[in-house]
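Chain lettering (A, B, C and D) follows the sequence in which the chains are written, and residue indices restart at 1 in each chain.
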Amino acid sequence: MEALLKQILEDCRRYTEQGAVATYIPELAKADKSDFGICIVNEKNECFAAGDFEKPFTMQSIIKPMILLMALMDNGGEAVRRLVGVEATGKPFDSFNYSDLALIGEHINPMINTGAIALCTLIKGESYNERFNRLLALTRELSGNPLLQVDEQVYLSEKRTGNKNRALAYMLRAYGLISDDVEEVLECYFRACSIGVSTVDLARIGSVFAHGGVDRATGKRHFEREYARYVNAILMTCGMYDGSGEFALTVGVPAKSGVGGGVMASVPGRMGIGIYSPALDKKGNSIAGIKALERLSKELDLSIF
Amino acid sequence: MEALLKQILEDCRRYTEQGAVATYIPELAKADKSDFGICIVNEKNECFAAGDFEKPFTMQSIIKPMILLMALMDNGGEAVRRLVGVEATGKPFDSFNYSDLALIGEHINPMINTGAIALCTLIKGESYNERFNRLLALTRELSGNPLLQVDEQVYLSEKRTGNKNRALAYMLRAYGLISDDVEEVLECYFRACSIGVSTVDLARIGSVFAHGGVDRATGKRHFEREYARYVNAILMTCGMYDGSGEFALTVGVPAKSGVGGGVMASVPGRMGIGIYSPALDKKGNSIAGIKALERLSKELDLSIF
Amino acid sequence: MEALLKQILEDCRRYTEQGAVATYIPELAKADKSDFGICIVNEKNECFAAGDFEKPFTMQSIIKPMILLMALMDNGGEAVRRLVGVEATGKPFDSFNYSDLALIGEHINPMINTGAIALCTLIKGESYNERFNRLLALTRELSGNPLLQVDEQVYLSEKRTGNKNRALAYMLRAYGLISDDVEEVLECYFRACSIGVSTVDLARIGSVFAHGGVDRATGKRHFEREYARYVNAILMTCGMYDGSGEFALTVGVPAKSGVGGGVMASVPGRMGIGIYSPALDKKGNSIAGIKALERLSKELDLSIF
Amino acid sequence: MEALLKQILEDCRRYTEQGAVATYIPELAKADKSDFGICIVNEKNECFAAGDFEKPFTMQSIIKPMILLMALMDNGGEAVRRLVGVEATGKPFDSFNYSDLALIGEHINPMINTGAIALCTLIKGESYNERFNRLLALTRELSGNPLLQVDEQVYLSEKRTGNKNRALAYMLRAYGLISDDVEEVLECYFRACSIGVSTVDLARIGSVFAHGGVDRATGKRHFEREYARYVNAILMTCGMYDGSGEFALTVGVPAKSGVGGGVMASVPGRMGIGIYSPALDKKGNSIAGIKALERLSKELDLSIF
């Protein structure tokens, strides 16, 4: 298996030169385009990896399924569904393009910024600090890595330049979807996006989603099966920004990308996958990461369709 | 199994009273809201059915995966992909809401009217009559029902009132996505939408998609596995109009609905399902049909997530 | 005055080299970018002209105020207002960008294609041939030129390539704003757009609008003062496509442009102006024509603000 | 003249019962629907008034032409034009409905919130306090009323509930149209909207715009004629929110409404008008105010078309 992973990285390496690293968060612009790593954790909890699999990067949008999961665990599916819809929007992840009448929860989803920001308010906690800490704790637990922490440089960079997210959050508040202090909610969101991980962490988290909430190493159930399905279903339809349809076709598994260059995939019943290559296409997805996933999907017949 | 199907119909029967039958095609308005039938064809090619499973209705949008399949078989995936995109649009199936700049194939998909109309031009044939006949022949073949034919009343009704589709088709032509005579292309499309089927036919077609293009009765491969995945993937992300996200969550299998009240589902590796109940929700999906599928999915653990 | 007009043409001649002639109607692409003419008809019915003032070109969108006027004369202001709104749309003149809910008459106006096409159905007549002939007769009457006629080459070119207008017209019909045969309505519209005029004709028509419906030569009232105001008001807010705001600022008089390169202006109480230069900016307005109008407005203090 | 004004108020009084006072700023909800006043200041600087002409209310959007004027006086027309466009948007005044690509200054205008907020950054001053004070001073000067001041209750109410404007301002900042601190810019904007005036103040300000920047009482030129035209032209095309087209038709003069219930009109060469009646239509315009202006326009033949 490791030989296969190595081969795939080698064959797809030329794609790492395409696209560009994210620059709208200045700190992300420092990423090295040549970094390329992959890790898979299978149903026997075996872990295989290749390339820069231990290289740290920030989760960015990959935290969105974790925010959704925590909101589900804290409130149940109905409450989450009432606040935030589940349909694809046909628009970029940070779009302002709402008509006034249509701006209701029904027209956002947990994988776009407005949806994820709104769901932060459903995480339980006395303060937004506590809410964030609970989210971090859950992420550490699913990844099995108690050392996960916020990359302070990225967090500060994100906070300093996050005016578009501020605009989106004030819009949510203006329309009554959130009622908490916008800067506090965003503090939680920006810190969550800035959690540093490696492909190994993503593969482990993906593996828990792939096995219905159960950690195959310990047999422990972290959350209910229906929540895994909720998350996987939304990853399938909306996880890869406005490239989700293409990804369903060519790879065919639930996955979530982040502008930090990572992708986490969950292959139901089989494995979790983490991948990292920071150069992005125009939709915000890792180019080489997707190519490697396409190849892996073909080799191991991963598509669920 | 038949007992289960009967039980499900019984339990969901009250939903048949909600919503309304489609009226924008006058002929469809004659449907009987109390009709309710279901059929499944499993991996052993066993067929189970209950209720009004033999009641005929027209395919309407359920022909879209067949048009896509035929276009794939006639031209291969790349040519199809070049003409029509694969992303969810976040808009109703017959939306005019294109900004001028964005009206390129990339922003439509095979499950909305513009995409399906455009794909009719990729079906091979000397005339649009021949193209339609080849599409009908393929539909007969996959359903194993050589008697399938156009419901002339519905077809004429559709043709007479199809001005929105005319508008969409002229728009496609104005933007150079199609170059054939609009009325001829629409003739093919309207006739295709008007093919009469029963839930048994849909279950058999769904079963072929579920088994990668192979008819489990005869072992015959009708089309390549990758085309089944192409179709299934798009059904998952866009098959239930702008209710596809919700359906992925609650049912979790590729499916296509039509405003005639039918739903065809394909459960990869397991079964095809046909369902019929003509009262629709505002998005154009059969209300009782979806409820029955939710129930069936839970009972048989059908979700692929 | 003629010296001034000559001077203005000379000073603005360099602008005739910018932009490009319309090409979407193939016949219009044959226009000569170096043609440049102007004519004004003042309150004493004196006519002054310079440059290629007698050069013929087709009215194109400049027929829209005539269609609106005829609809007003045939039905009164209320009936016109009920069918077609009066607000600027913020979109190009041939935009498809309607959200489904919003596609009601209120969101179109008489100066965009959908509005003008819809208003053709309000012109009285047994047939669309008669309706067109009545419109032509009125145009001849206001211009004082009984020789005005359709440029058959442009008409045929327009008819052959007018798929976008077909799409718009079928959309109007799908939404119930028009109920007549689309091709017949468009026949009338395409012929109307193809009426050949010179700047002298436009100046004379503009003069009638400028003087509240009265022909200053004969003292004859062609139509009611309130209709002149209806037309002038809409020309001010929507007459120059989506460049109307800029034009109000820099020129400050009601005016209508056409993609044939003409502009007709009506300076209330003072004069009518016709101008011709076929190279257009991206919004569809004559570049040199607007520059000459800006200059003329400054020299003669024409702005009504 | 005063008899005419009284008659008009009497005849239009029944319209004060239609519509509703603005409630999105809680303090505005306290307005008395039965208040109805009018004032005109003509070219001889004579002042005529009737009804509740001295009743105070806040300017709200009527401050927008003042912000535009100050930006013009401080920077000239070109700099203003570079930052903020002049075309009607076809959308409500506080719309979020920007597509990402289109969100450039060209697609906003000085009469919608985003445009006015952006123009606040062009007012010169060491601090936003100084900028606001200069704007207040100019407003006092044009109205000839040195006692004008901020209504603190409305200002605080506006600041507390102004999340939509916060969202718009952060969006402007995210797209680089403004670079100052959002809360400081909004502080200036909210205070400006909360300046209390009466119809007399509005009529006097309108009169200065009507006479090209000259105060007819003193003969003093407050600003250049071209700035009066800039403002009047934009008031004509965009001054009455998305009811500007209708207003051009029925009243035919440049005017600006505010959700406080006031309307200021400028009749070029003739008079300024102030009117007050707090019940609004759905577009945010004073219902009885517009009816009274329609009547006045007919009686005095005010339409510039």
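What we mean here is this: a residue touches a chain if its C-beta (ideal position, glycine included) is under 8 Å from a C-beta of that chain, and two chains touch if they have at least 3 such contacts.
Being a predicted model, the structure only gives us computed values, none of them experimental.
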- Self-contact between copies subunit B and subunit C, residue sets same or different by half: same
- Message: Report the chain whose CA-based centre is farthest from the CA-based centre of subunit B.
- Response: D
- Note on the structure: Expressed in whole Å, how far the mean CA point of subunit A lies from that of subunit B is 32
- Using mean C-alpha positions as chain centres, tell me how far subunit A is from subunit D in Å, no decimals. 46
- Would you please write down the residue numbers of subunit D that are in contact with two or more other chains? 99
- Taking the complex as given, what residues does subunit D use to touch subunit A? 92, 94-100, 103, 163-164, 166-171, 173-174, 182
- Contact set on subunit D toward subunit C in their complex: 85-91, 107, 109, 228-230, 232-234, 236-238, 242-246, 248-249, 252, 254, 268, 303-305
